Structure formats: C-alpha cells, structure tokens
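Here chain A shows up in two complexes: once beside chain B, once beside chain C.
Let's look at the complex of A and B:
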C-alpha cells in the first residue's frame, strides 16, 4: 500500500513536469529536425535551421532591437528599484506597504492594456513610439520584478554596516561603492537578468508600439507564424529556452537566488 | 532639525520609481479612461457618454466575448490552482538537490515565456501530430480537431500558469511551522486531520494569492486565445487588438480595456472578500 502511494506521488509529479516542460522540450527537439516543415515527422538531424536564422536579417535585426530595449529598460528599472528599495527601508512600515503596492501596480495591468495606454498617451503629444516608447513601456513592466528582487536583498541587508563605514571615515560615495553595492550585488544582477529576459521574450506590451524598423523579436516570430510555419521558429525558440535554462542554473548556483524565497 | 533632512533624502530616493509609475502608467491609464467616453466611427456623437460601454455589454456578440474571457480565466484558475496545490504539497517532501532541480524546472518556463509554450502546442495538437496522430491512425479515436478551440487555449493557459501557482503555493506551504505537525502527531492526528486542521487553513493566504495571480494571467492573456483559439472566438484582449490594428477605433479599444480591468478588479475583489471570511472567520 505504501509503495503504491509513493509511486502515485512520483507519477503525479512526473506528469505535471511533463505537462509544463514537455511541449518546450518537444520544440527544442523539433528544431533539429531536417524536414522542411514544422511540425513534421522526424526526418534526420540537422543544425541548418540555426544557420538559417543567422542569415535571415529580419530575425537578427529584431533580436538586436529586443536586446537593446531589454538592456536599457532593465538597467533603468533595476536602478529605480534600487533607489526605491533604499528609500523604503528608511520609511516606517505603513509607508513602505503603500509604496510597495504602488510600485508593484504595473503587474496588475494587463500587458495589452499597458501597450494601448502608452500608444494613446504618446498620440496625445503627436509622437510615434519609436525605441524610446518601447523602452518606456518595458521599463514600467519590469519595475515590479526588479523591486521584488531588490527588496529581498534589502531584507537581509544590515544598515549598521553603513554607520560603521561612516564611523571609519568613509564618505557617502565610498560607502555606497564599497559596502552597499557588494552586499546587494547578487540581487541587482539577478534583478537585471530576470528583467532582461522577461522583456526580451514579451510580445503583448510591444504590440501597438512598433513599426517595421522597431519590430521586436517576439513580434517578428509571430508575424512569421501567421504567414507560414517554418522550422526556423523552433530554432529561435530553443535558443530562448536554452538561455532561460542557463540563466536559471547560473543564478541558482552562483548567486543562490530564485524567484521564490 | 534632523528629521526633515532625512525625509528629503528619502523623497529623492523614491522619486525616480514613483515618477516612472505615475508618468508612464498612471497618466496613460487616465488617457484611455477619458478616451473610452469619446465619440467614434460607431457613435459619431458630438458629446461624451457611456455609449461605447453600452455597445459592448448590450450586444449578444460582445457580451459573448466578455463571458468567454471570464470563462477561460475562471476555468483556467479552477484547474490550475488545485493541480498546483497538490504539486506544491508533494514537492514539500522532496529535499536537497532534487528540490533545487524541481524549483528550477519551474522557473525556466516562466523565463522562456509564452512564445515557446504556443509553439509547443501548435506542434503537439494537430490531428496528425505526435499525440493524436498514432491514435487516429490506429482508428482508436476520431480526429479531435483541437487547434482553434477553447480546449487548446485552456491547455496552453494551464501549462503557462502552473509554474506561477506552484511556486506561490510552495512558498506558502513551506512557511507552516513544523512544530504544528509534530504536535499533531503527538496527539495522534491522522493524515486527513493534519491536512484539514493545519495545512489547509494555514495555506489559505497562499491559495488566495495564487488564485488572484492565475486569474489575472488568464483574463489578460493575449497570445493563447489569439494563436490557439478560433478566429470567431475572441476574448477582450484580442478584441482590443482588433480595435487598434484592424478597425482603428481608439475609443472602442479604450472602452474594451477599461471593461477588462473592471471585470478583473470585480472578480479579484470578490475572491478576496470570500477568502477573507475563510481566513479570519
């Protein structure tokens, strides 16, 4: 009876993980299939779709746009979250609850509504979005995630170390650079990485804000999907899956940081 | 003398993030709120009014969209949260290296995002695909034609939302003090009693937050209904996209967006109140 229960538990967990991760692994496997369609029966192993992406300017250019937007928006979001976290730990409890609710509010707004609101807001001034508009909307979207990781760093941060540093004659800047930053480094890096990837793979928040020149990678991928399903898409998707997996492993191993704490 | 000076420093520290949220989120939301009352191609009035909302809740077609949006989000949450709860409970017994791997296995799908999820189902669900192909060939089932149905949308939603639910519930369950279980064991409680009197009541806040997260993700999802749902089976999010990209009707898009936010707030508030009673009777 015991054994049956234990086996049942494992079977349940395996089923759940197969359901969550299985389709992704299937896409990765499909990217190595040499058949000229996707999805298709297995035909032979090839890396030609990965080569094809590199020679396909639409994908490479969109990847650069996405990387640039993700880079700039994540830096701004993490910097703003860092300052906010610093300010919140100088506030009393009531204030910091209000502040964290306000600063986490972007997460509650549907992404497509965020895109629409930014579009109409910019239209009010007669400007089209361009890269700046994309960066703006991605920054707002990233802020709650950045704040969450920064705050978990501050919750283990000991402010008396700053006083000690000041007592030893260090200036404000020296203290920041030599005490504050090293202690929070892991959380800042993790915050930046999460924000970068979440921005890089996000489609809905950019939906109404791009033109042919500023189309992000997810938008180009899905435009392709609507035209014809070709095996380059699983190759792009596998690169994203591998990047996500590697990031998760590196953060866990070297920074001991997870999304749950 | 000292206090005001510290307050200035604090305000300066908080200024950038508060500015970001007010200018880039608050003001744009005000803009679409105002826009939702404006006349448009469908209502060429010369005044503002509630006509856009009236149109959206008045016609059978748009009401159907609203109901479908709610149905997907609610059914998605009703499937995801219980599945996630059991998973999170079973994961409590896994320890060490395996536990780390288990958590990481749920983190990377969140990072990889819904794009990969959609591609996966597009490859797996066709009648000739790897799941149904062999069954159809063997004559065991009729071709299920799942792509373009709500079942496909739900499958992808549940897959995408499960990691969020499991991680939230895992954290919540782990916070229950072990002493309580030891005490209950000493008092001779059965496994069922332990669950009903310790685990379940103490994990209700986690159930509440995971329900809210999953419901919000479901109601605001755009990619799943757009790419895996049928062309006629719109949800509020795909409707917004259609108003912006196809019919160029900004006021109607704004009204649909406000309607989406309104029903999300209403359901979250309702669920919160109901759970509040359970948590603090």
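Let's look at the complex of A and C:
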C-alpha cells in the first residue's frame, strides 16, 4: 500500500513538471529544428530561425514596442501600488478594504473585454489609442499583481520607522527614498519584474488598441501564426522563456527576491 | 533657553477625550516624567509634543515659539521610541548619522558627530554593526545616540526601558539620567513605572483619565498626593470609604461604618462629606503589643502572609474591615505568622483623606 502511495506521489510530481516545464522545453527544442515546418520530425540542429527573426523588421519593431509598453506600464503600476499600499496601511481605515478590492477588480474582467472597453472609453473622448492607450490598459491589467506583491511588503513594514525618520528631520519624500523603498526593495523589484513579464507576453488586452506602428510582439506572433507556421515562432518564444528564466534565477540568486511567495 | 509650555492642550479620539486641558511648563534642563496608568493620555501628550498627533485645542510653545502646528520634521525634538524604531537596513553609525545626513551636513562633520554620540552611550566600537546584531540594551543606546546626534532642543523618551529586563533597566535608567545631565538637555520621559519616574525626574507629572493630576518633586507626589487618583495610583495603598464625623483644622475623623473611626488629614474637609481615606501599606506598623498612645490603633489577626524577599506583605483582618501591610524583611521589625494576633497602628498624618 505504502509503495503504491509513494509511486502515486512520484507520478503526480512528474505530471506537474511535465505539464509545466515540458511544453517550454518542447518549444525550445523545436526552435533548433532545421525542418521547415512546425511541428515536424526532428531533422538536425540549426540556428537559422533565430537569424530569420532579425530579417523580419516587424518582429524586432514589435519587440521594442512590447518592451517599452511593459517598462512604462510596470513602473506606473508599481508606483501606483506603492502609493495605494502606503495609504492603506498608514491610514488603517476600513475604506482600505474597499479600495484594495476595487484596485484588484481588473483581474476579474476577461482581458479581451478590458481591451474593448478601453477602446470605447477612449473613443468617447475622441482619442485614438496609440501607445498611451496601450500603456494605460497594460497598467490597469498589471496593477492587481503589483498591488499583491507590494501589500505583502507593507504588511511586514514597521510604520514607526516613518515617524523616526520624520523626527530626525526627514520630509516624506526623503523618508520614502531612504527608508520605505529600501526596506520594500524586494517587493518593488519583484512586482516590477512580474508586471513586466505579464505585460510583455500578453496578447488579448492589446488586441483592439494597436495599429501597424504599435503592434506588440504577441500580436505580431499571432498574425505570423495565422499566415504560416514555421519554427521562427518557437525561436521567438524561446528567447522570451529563456530571458524570463534567467531574470528569475538572477533575482533569486543575487537579490534573494522571489517572484512568487 | 528652551522651555516647553503646554497651554490648555486637549486631544479627542472621536468622542473620547484622550488629553484633557493639559497645561504644563518645563524649564530648561529639567527632567520631567509623565507618569500614569496605560490609557491615561501620557503617550498622546508626548506624541503631540513630537508633532505626530494633532492638537485639537490649546497650544504648545517651545523656547517662545509656537510649534502647535509645526510639522514633526521641523521641530528639532529628539524622540526615543518604545520599540527603538532603528532602521534595520542601516548600520549603527548610519542610523546615528541619519538626522545629520538629511540635513545635508558634510561627511566629515557627520563622522565626527556620530563618533561623539556613540562614545556618549559607550558604543564606540559597534558603529559598523546592524541593529539586528545588537542586544536590546545596545539597541536602546543606539536609539538614544540617534536622537541626541541632531542636538535637539528637547529630548522625549517613550517608555524606553519597558522592553529591557530588570537589571538592565536599572543600569539604563542611571545612564539616561547621567547622559541627560552631561548634555544638559531638557527631557520628558513617559512611563507607567513609579520607581522609574521617581528615580529619574526632577519633577513627576502624574496623569489619569487624560488629566494632569499633580506635578511636583518625587517626594512631594509620594508624601502629599494632591488627589485621590494620585493617592491611589502611587505606591501600595489601603483605601477606606466613609463619612466625615469630625473636623479639627487639618485633622479629620472618618467614620467608615460598623463603629470604626479612622483619623486622617485633609486640606478642607466638610462634616458629613463622603470621603476616601488612603494610607500607604508601608506606613502601617504591626506590633505584638498595643502601643502606649497614638491614632488608628486596631487589634487584628494575620489573614495571609506573602514573602516577597526584601519585604513581607500581610493581609490583616481587624474587626469589621481588613487592610494590607508591608513590612521590611529586617529583624528590627516584628514579623508574624498566619493566624497570629497583632496590633496595627498608623499616624493620622500618613492617612490622606480625599473628597
């Protein structure tokens, strides 16, 4: 009986890792396959698909757009989460609960609805989306995640340090810069990284808000996929996966920051 | 010269009056303790002086300047927090130098001042450590050095010794007093511990229910309490409720029922008034024999005996009432066993009668 249980536990673990890590490994392997189709039988190792990416300006352009949108939206989301968390924990009022629910609510809305709603909202003011609209919707989408990470930092933060700092002559901005932010560094960096990755890989929330100039990387990948399926897509995907993995490992290793608690 | 003056200061928390019309003047170089039970408003008063609580009514002047609405970071008042509130991500030296750093002082100046402040609290060699690597007593000293490094106009201490063990507490108490004298700074120390307050202060301000009950030298607060709140909060006491039976100048006879009459003293007692007579437990003498003369002589029986080391506490059952007595554990004082008879007596001048 005990052996069966132990075997079951192993199967369970293997299944989890297979389904979580397996597809990513498969994608990485496929990006090195020299066969011209995808998926296809393994034909030999090549890096030509990675070279091919560079020859598609829409890919590199979209990568820059995605990086810019992810960078700006993550900075805004983390800054907003910091201010919200500071206010909630400092004031200790019951409105805080309502506020944290409101700020977390974008998580409950299907992302494609969020995209469509933003489009209509901007149209109401006669504004075309552009990069600003894209950044706005990505910020809204990232905020709940940033908030979760930042709030967990504030829950361990001792607010009498703020008073100590003020007592010693520091204004609020100095206190934030010298005391609050250094002590919440791990949460702020984790929040930023998490939001950046979420934004960078997200397809549906950009769907209605982009044009040829502002197409994000996932959108371009999707468009490419509709036209034809070749191993260039796995190559792009591999770059993203490897970059995310390296970032996560570096953060844990050198800053002892965990993206997931 | 720095002089702190609180005039009719009040603070409400919703409907509750946390500090009620507090007026207080503290002279330059003086050490004053705010003493009272928890919830008496002493910490709120301190936080208003530091600028962390708004003042609802009244005003606070420091050195002639109205600081009632001045933001805390501009007040130049040092505060030592109960839980130290040291910055955990900074070394001891960085903590102590923080106030000078935010004032934009030069690095050389800061290094010199930090060294002075650390030498003052005898932590000269620990500047490179982090707060988490220090003991409670050392952290307390860093907090003190950090508050003094900005050369504040006034030093506030919020129950700074309450997290230390008994021996360390006594040492730190001495040290705080010595440093305060050496620096010559005006200090306000909040505590609920009477011996701490008596041991440290030039004057003790006793607070209860948000009100200042009495401010006087320690001996005056102890020997002549100004109100029933002070009389019953300070020391271990017995209180007897009764009615004034006779008045003769300052001496009063109080009928506490059952034909028992206690003599005491009161400033202005009125015949027939309902009063409380308060006598400190160590001011009652227990003898095997009836004394030749004196006030308040009551034969009794020892109900319980509690051995406390330096003192022994007795619960005495007299006819119709009972009271506690504290006797020094010293062969010059008569000691008793449970159930033994004894005679208790105390002087009328040790028994304060309050309306």
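Here is the rule we use: the second predicted complex is superposed on the first by the 247 of 261 C-alpha atoms of A that agree within 3 Å, B and C clash if a C-alpha of one lies under 4 Å from a C-alpha of the other, contacts with A are read in each partner's own complex, and residues count from 1 in each chain.
As a working rule, a residue touches a chain if its C-beta (ideal position, glycine included) is under 8 Å from a C-beta of that chain, and two chains touch if they have at least 3 such contacts.
Source: prediction; values computed, not measured.
Trainee: After the superposition on A, what does A:184 contact: first (chain B), second (chain C), both or neither?
Mentor: After superposing on A, A:184 lies clear of both chain B and chain C.
Trainee: Per the contact definition in the header, classify A:124: touching chain B only (first), chain C only (second), both, or neither.
Mentor: first
Trainee: When the two structures are overlaid on chain A, which partner does A:78 contact: first (chain B), second (chain C), both, or neither?
Mentor: In the superposition, A:78 touches no partner, neither chain B nor chain C.
Trainee: Please indicate which partner A:170 is in contact with in the superposed arrangement: first for chain B, second for chain C, both, or neither.
Mentor: A:170: touches chain C, not chain B.
Trainee: Quick check on the superposed pair: does A:150 touch chain B, chain C, both, or neither? Answer first, second, both or neither.
Mentor: neither
Trainee: In this superposition, which partner touches a larger number of chain A residues, chain B or chain C?
Mentor: Of chain B and chain C, more residues of chain A lie in contact with B.
Trainee: Given the touch rule stated above, what does A:70 touch, chain B (first), chain C (second), both, or neither?
Mentor: In the superposed model, A:70 contacts neither chain B nor chain C.
Trainee: For A:102, using the defined touch cut-off, is the partner it touches chain B, chain C, both, or neither? Pick first, second, both or neither.
Mentor: Touch status of A:102: first partner only.
Trainee: Have a look at where A:241 lands relative to chain B and chain C in the superposition and call it first, second, both or neither.
Mentor: Once the two structures are laid over each other on A, A:241 reaches chain B alone.
Trainee: Which partner does A:220 contact after superposing on A: first (chain B), second (chain C), both, neither?
Mentor: Touch status of A:220: no partner.
Trainee: Across the two complexes, what residues of chain A are contacted by chain B and by chain C?
Mentor: Touching chain B in the first complex and chain C in the second, no residue of chain A appears in both lists.
Trainee: Quick check on the complex: what are the chain B residues that touch chain A?
Mentor: Checking each residue of chain B against chain A gives 6, 9-18, 20-21, 24-25, 27-29, 31-32, 35, 83, 86-87, 90-91, 93-94, 100, 102-117, 119-124, 126, 129-130, 158-159, 162-163, 166-168, 170-171, 216, 219-220, 222-223, 227, 237, 240-241, 244-245, 250, 253-254, 257, 260-261, 264.
Trainee: Once bound in the complex, which stretches of chain A touch chain B?
Mentor: 9, 12-13, 16-17, 19-24, 26-27, 30, 38-39, 76, 79-81, 83-84, 86-88, 90-91, 99, 102-103, 105-106, 108-114, 116-121, 123-124, 136-137, 139-140, 143, 147, 194, 197-198, 201-204, 207-208, 218, 221-222, 225, 229, 233-234, 237, 240-241, 244-245, 247-249, 252, 258-261
Trainee: Under the touch definition given earlier, write down the residues of chain C that touch chain A in their complex.
Mentor: 50-52, 71-74, 76-79, 81, 83, 85-89, 98-99, 102-103, 146-147, 150
Trainee: Show me the residue ranges of chain A that touch chain C in the complex, using the header's touch definition.
Mentor: 158, 160-161, 163-171, 174, 178-179, 182-183
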